[in-house]
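What follows is a set of structures for review.
Same chain, two partners: chain A is paired with chain B first, then with chain C.
Let's look at the complex of A and B:
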């Protein structure tokens, strides 16, 4: 028969053990918030102030105006004026600048004559992401410059205008995207980390025999071991949420209760997964390696945290459906940014329940009270 | 630890030859040390000694061993041990350095040590250790360097054996990097294409359809749904089914034809700010080009203007994979190095086998070498695997020289291993080391320029990245792969990484020495 008393006893033992390992305890509580604060500050995907080297061979008012247009946009800054065109390659190779703008002689003349005036922009394609964004900006700047020059102040409407509105994150701040996602990523890693060693440790230290000798049921062991970590995890998410809102100004538009409920489900699954790894592997070193590979990468890559799952090959898209972080990220972003409720997130909810059931089921199944 | 040997001479030197004989030898015969110095047969029995030595046993026995160590005069030297902290536990390491050279009859020790039946009892009962000391001990000092090498060799064997005793370990060590590379290679893709788009076309004319075609033609956008109701746009974005919503109002074709400036509403899901920024740029450009074409056909717009010709060097297609795969090499190398060493020392401590190592004649430096080299070799094999698959499977250009890559990777691996060992020596439990590793690894990844460009970080974090070996290695490895740079251009990165490696390995050795006191 299952007994709450025994379950609580196991939980208490685990808690005491955790408390005695003071530094681990501090890390368990502080690590998520620390990482969130740290990354929230450090990560900035907003591309501005792209360093540009300029070679102006035209040296006219027009050519200077074009360079100014680049600078005034805020996306580029002139880091250097080149003396020779040949220097461009060396600058790019050394990574001093991300782009080189070359305005050939005759630029102003061509413009005035209504001929296409070629301007060359060399970009360091190394960082494809920055280069793509820089290219977009440069295109837009050149287009606006042309229109201003050609129309000379005449008000002519563009034939078609795209009126773009950005929802959920109107200023397109990468921080708003990153903070909710980061909470999910950090928690999926921390959760596995918290429990991945618990049972392997008992095996390695030889205390498994003592545990096996007690009348405690394996369900009680699994849940008892989970309990303290669930508490830590919930605490971590709560602090991270508050920090995200207060420190980073990320909007919180949804319901706290929904987030808490989903977090609980997620933690049960993720912590259960950790226990499963631990019980199946029985060695702390191996458990660490497996936990790292099994949680860190999928959470980072296949969850949609940084990269759109839709852009991935089909196989990976299929794999991503079994990555719990994917659903949890949808939940955190939904609750934080979109302010959607269960009417949209019920799909994620169903998956979370399934994940919790699978995680706990695996953990219980892998945990044997037999000394082999 | 050699230096320390000379720092602790009093009893070693003071007791004279006879003392020398008995002193270190009982240490030497203590469980772990003997196999290390001895031949293969003895080594064979070693894993069991390390593996099965029940956690409870070594602690007690090693303590007694320490007490019985004294060089001839038990009382004084154990007192000395307690007082002169630094040397107390490492004493076993010293003999080779501290002992006077002259005394050492050649190869006799080998025979003695290789005597298996001598190993067994000594392992069982430390007390008997002092049994046959003189010859071996003096012999040990024979050729310090050679012996040091022998000890390292033995330690290496132990490490390799321990690593590969569990076949699952092998799978993780070599399988995980490949798996990660595949994952990274396919998943890390910042190229914005096939963005899910929902279209609401109220106009339903040839012109409006032409605009939608123009949007999807470049492969950047993919229509996942059409509808008549604007509300469906919002619902699709809310549910995350689409990232872009395009709404073409009624009268679009009419306005276009009349030159009144037609309008299109575009809704962008800004949740993923990166995708949103890029997609927004694409839409603006496509729509503008669409308009310009129509206007030019009608002769409404003046010709000319700035003709921006952009070219991306090193990566003309702006494929993010080309940029990311070399970086993946760095990220995986660091992760594997950390995984291999973060628990290396603390594990021995938790299992109690560290005491056995400590009382053996192995020095701290030798131990670090023994822990580093196997991991470094494995990591190098991993590197070759990943780089090979990266170039052959993912078609990432490799323009540099293999030798340069090897050199840089070796330095970087040493630096990463050093950090792993440092974490391991600082931690008291494996759990703590695991978390400590993470505390180091995640920031190292984030502050490396792997997932996020360094130049957009705030100044403080940009400065912080300079302390991150991964950041320097990523610059190095990307330049070697994509730009074909050689040592001539990359020596600053190489030198930085080398200095870091040396520094952190030294720190790990120092910490270890302090930790075992």
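Let's look at the complex of A and C:
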């Protein structure tokens, strides 16, 4: 006995209220795009141009060639030439440089004599991630330099070579990975915050009592309130997708329809979660805080946005199953970069249907028309 | 949907509009409403009178399906209040204590919203919309935000939204609190008009003078019904006579009479003093003597009919409890 007319009456009212509330309008339309543009620009996991201080005690053509090899790799940049070895520690400690390359005197002579010619690379391990990457780059550069020295220009085929090819993101640009993930993270947070206010506001203003005294069914209230926000969420994701492609040059290889359908499922769950929180706590301030806590850190840390889920401790992996952003991130990345379809993403689809059902179920259950 | 305003299945025309039997509501150990029993006939204006905390709002909330009774039963417009609340709500209009229309919506948007919720559409919607605007005096102000309206107009609009679907029964919970006396009088004219049109109105108030406008009323205190009847019947139940005494200095006279033998209560009434006494003959002898002893001049003494406030205080005193507030 649900009535479309009543549902639309609630939806229309909600939309008018939203339109007249500047805070909600900013949250709904300006914030998602701003966050995407800002963080899409700011977050960058590519390690390039690592600042290096060099102490060249050899001062030969060979030692200069080694420094050039570091620079030409593109991963290192010589920020400073040191006068004394003793300055190295101070430079690292102050964070002016990430590494110090020390080429001892006799480097060229040892190479010419066919003796081992050790050079020293000191790295700032404070950022373990960057240090590890720098270490690997340095090893590769040294190995290649050694080979060139040994071969002296002769051509020899190595017995084993790995022919690597990187798929989906061939240039290994982290931005291509970040932008689709960011869309999922931003929408998780925005969706819950958008609806977190709606029911609590009605309880605080006393309008809920008047609404409750009408023949409206709680499903009509929940879905009527949901409707405008679903439209806004779809609009936001559409704008973000266009921005991702046009502004950040992220490839879009998959199906727009699939992305839209999956987004719809995701939004139903995420918006439902916001309504549930709102109905459960009945206070706007509290609902906003709970919505932030419930979506922000999980979407950021446990969704696979920052860290690969497979690399997490088992407990966190288990928790990540109930984080909807985890599935939606797989969808956005899959559709953008891999161009995969339902044959791969149906698992995410199933989880998101479940999530939508739970979100809406909780929202409807928590929303009681009885006052106490 | 179509039968929204039709009489309930199986409800005879002679069934009262509202029927409550031993209606009780507790919150934890606090008994907000204690075994309230009453019935209201069709077209009657029935009042709940009592101070804050008397249980008026809780009673109305139970009858509108907003609160589940802890015990007892009730039927409103032939529908069990513990049963299908949506069926119940099609047959009632409700205006809550706190003003609760959407202030960020315009006058017209509020009317459209409640029309949508009550399933009023088409030609009937246009007709009802015009009726509400005329009734509330809001013609030409349809596009004003409700937040910008004076309270009296807001209350009339809220009443209009509550009766958009022409419910046979209307519940008003302190509809005039905070409204100035002129707007209050105008609001009661609207209630009278609805009742004359056949609507049963249940209204709570703590304004004693408003109670006089009710056909019948219930006096409530601390969850209890302390009396029920027409205003005239209730006045007749007051056993203690009231004497109005003219004197030269009313405040001092009140002081002098407090605690005098046979005097239950003395209060200023304009420049005179009203004294509730145990026995009229006794008082006519005692009062001049006491006042004279205190050096007060005594003028005319006459018996006056009790106000509902006097009745209320008297009945609470008889129950042995104190009226709060």
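Operating definition for what follows: the second predicted complex is superposed on the first by the 369 of 372 C-alpha atoms of A that agree within 3 Å, B and C clash if a C-alpha of one lies under 4 Å from a C-alpha of the other, contacts with A are read in each partner's own complex, and residues count from 1 in each chain.
Keep this in mind: contacts are C-beta pairs under 8 Å (C-beta built on N, C-alpha and C of every residue); 3 or more make two chains touch, one makes a residue touch a chain.
Keep in mind it's a predicted model, so treat the numbers as computed, not measured.
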When chain B and chain C are modelled together on chain A, clash or fit: fit
Which of chain B and chain C A:206 touches, first, second, both or neither: both
Partner chain in contact with A:214 - chain B first, chain C second, else both or neither: second
Partner contacting more residues of chain A (chain B vs chain C): B
Chain B versus chain C as contact partner of A:21, first or second or both or neither: both
Contacts of A:71 with chain B and chain C, given as first, second, both or neither: neither
Chain B versus chain C as contact partner of A:80, first or second or both or neither: neither
Shortest span in Å between Cα atoms of chain B and of chain C, once chain A is used as the common reference: 8
Contact residues common to both interfaces of chain A (with chain B and with chain C): 21, 205-206
Of chain C, residues touching chain A in the complex: 1, 4, 27, 61, 64-68, 85-87, 89-90, 92, 94-96, 98-105, 109, 112-119, 121, 158, 161
Residues of chain A defined as touching chain B within the complex: 21, 23-24, 27-28, 31, 34-35, 38-39, 41-48, 51, 66, 92-95, 98, 110-111, 113-133, 135-140, 142-143, 145-147, 149-151, 156-174, 176-177, 189, 193, 196-197, 201, 204-206, 281, 283-286, 288-290, 292-293, 297-298, 301-302, 304, 306-308, 310-313, 315-316, 330, 333-334, 337-338, 340, 344
Complex interface listing, chain B residues touching chain A: 54-56, 166, 168-169, 172, 176, 179-180, 183-184, 186-196, 211, 237-240, 243, 256, 259-278, 280-285, 287-288, 290-292, 294-295, 300-320, 322-323, 335, 339, 342-343, 347, 350-351, 427-432, 434-439, 442-443, 446-447, 451-453, 455-458, 461, 464, 475, 478, 482-483, 485, 489
Residues on chain A engaged by chain C in the complex (per definition of touch): 1, 3, 5-6, 8-10, 12-13, 16-17, 20-21, 205-207, 209-217, 369-372
